[in-house]
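The structure under discussion is supplied below as structure tokens; questions concerning it will follow.
Labels for the chains are A, B, C, D, E and F, by order of writing; each one numbers its residues from 1.
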Amino acid sequence: MQPSEIYLESLITSTPQEGRNLAIKLARKSIGAIQTDPEIRKKLRSDYAEDTAQLIASAQVIAIEFQTIAKANNYWKP
Amino acid sequence: MQPSEIYLESLITSTPQEGRNLAIKLARKSIGAIQTDPEIRKKLRSDYAEDTAQLIASAQVIAIEFQTIAKANNYWKP
Amino acid sequence: MQPSEIYLESLITSTPQEGRNLAIKLARKSIGAIQTDPEIRKKLRSDYAEDTAQLIASAQVIAIEFQTIAKANNYWKP
Amino acid sequence: MQPSEIYLESLITSTPQEGRNLAIKLARKSIGAIQTDPEIRKKLRSDYAEDTAQLIASAQVIAIEFQTIAKANNYWKP
Amino acid sequence: MQPSEIYLESLITSTPQEGRNLAIKLARKSIGAIQTDPEIRKKLRSDYAEDTAQLIASAQVIAIEFQTIAKANNYWKP
Amino acid sequence: MQPSEIYLESLITSTPQEGRNLAIKLARKSIGAIQTDPEIRKKLRSDYAEDTAQLIASAQVIAIEFQTIAKANNYWKP
């Protein structure tokens, strides 16, 4: 990730589902900010995708990011 | 999980219990978003369902998702 | 846990102590939602009840559930 | 811990420091709710008090409990 | 830590930076509340300061404490 | 990190992306506050950047810091 990369234009999404997708994206981008080599990330990905403890930890990051996004969207209430 | 799959139509539920069920669903879908192969997920499931540390970590994800859902529903206050 | 089981009727409790008890119940029910076999759960219980890392992780789940319950009850302010 | 034990009468404290003390108490009581044998708890205590990973995890539980208590007290603002 | 020690007079700080410093202090005091022997703490410190997993876990405690402090200070908005 | 170092002047940022960058910075500074030797930090960095469990844990710290920053900025709503 270049420091100049912009991956978060807005926290506002049209639907809850898009909010979930954004939460997943933010979680991934955080990992990309620390491990900047895409080749290493690719190799690492196969590690955690078959390790349940790490899958659950990833789900936790997504849940925390989603809290922020859901609040920003006032829970998509009409 | 296909990127086009829509599993979260709304955060609003009729009852607290439905809110819990949704929290569990969201936690599961996050794992599905990372490990997209249903066969591998099935195999992995038997791993964590008998590992108490992972069961507790899963319960934590559910608790965080439920925070968001409960707030969205204003705690189901009448 | 049967999908039709209703273990959360309301987040509202009369006292803070009942709120704590509900938080503990919710944490346990999450584990029950993943590991549905009561015999296995019983056997697993002896594992984590003597493992301090897991006891602490369980306490964390309870703390998160209690945040939600306390907020729902407006902190039991008179 | 007997189910009938009442260890949380109120979330309101006079000072921030009393709020911290209550957070520590709540974290301990959660562990007591799962591991009910005081003799085993005593023995386990020496385990985690010299294990930095577990000390840090305990500090995290205290931080979460304190969030709830601080909010309940409106951050002890005059 | 003596039970009578007062290390948190107020959550209010003049600047965001002082809020960070307070978050770090609170995290440390929690560990001090569990492991009360300063000699053991000193020895343990060298353990976790070179263990990245524990450094990251410590950073998480600081982040949670800071949430509380930032909110108490209304994010230091003018 | 010298105790007198000021790395957080304000929680307010112009854009969500700058908020993300600040969250990453705060997470890093917390580690710097505990492990003060830059040489050791550099060496440790290579450890966690290739360890997926630690990358995920780092992403979680960033997510928590971002919650605070996003709230401080009222989610950058116009």
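Note that in this section a residue touches a chain if its C-beta (ideal position, glycine included) is under 8 Å from a C-beta of that chain, and two chains touch if they have at least 3 such contacts.
By chain, UniProt protein names: A, B, C, D, E, F = Hexameric tyrosine-coordinated heme protein (HTHP).
What you see is a predicted model, and the numbers here were worked out from it, not measured in a lab.
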{"item": "Starting at subunit A, fewest touch steps before arriving at subunit D", "value": "3"}
{"item": "Most distant chain from subunit D by Cα centroid", "value": "A"}
{"item": "Magnitude of the superposing rotation for subunit C and subunit D (Cα, nearest 5°)", "value": "60"}
{"item": "Subunit A and subunit C, separation of their C-alpha mean positions in angstrom", "value": "27"}
{"item": "Intercentroid distance (Cα basis), subunit F paired with subunit E, Å", "value": "16"}
{"item": "Shared interface positions of subunit D, touching two or more other chains", "value": "48, 53, 57-58, 60, 64, 67, 71"}
{"item": "Touch-based graph of the chains, sorted into line, ring, star, complete or other", "value": "ring"}
{"item": "Chains in cyclic order, anchored at subunit A, direction fixed by subunit B", "value": "A, B, C, D, E, F"}
{"item": "Subunit C-facing residues of subunit B, complex", "value": "16-17, 19-21, 24, 48-50, 52-53, 55-60, 62-64, 66-67, 70-71, 75-77"}
{"item": "Subunit F partner contacts - residues on subunit A that touch it in the complex", "value": "3, 6-12, 26-27, 29-31, 33-35, 40, 44-45, 47-48, 51, 53-54, 57-58, 60-61, 64-65, 67-68, 71-72"}
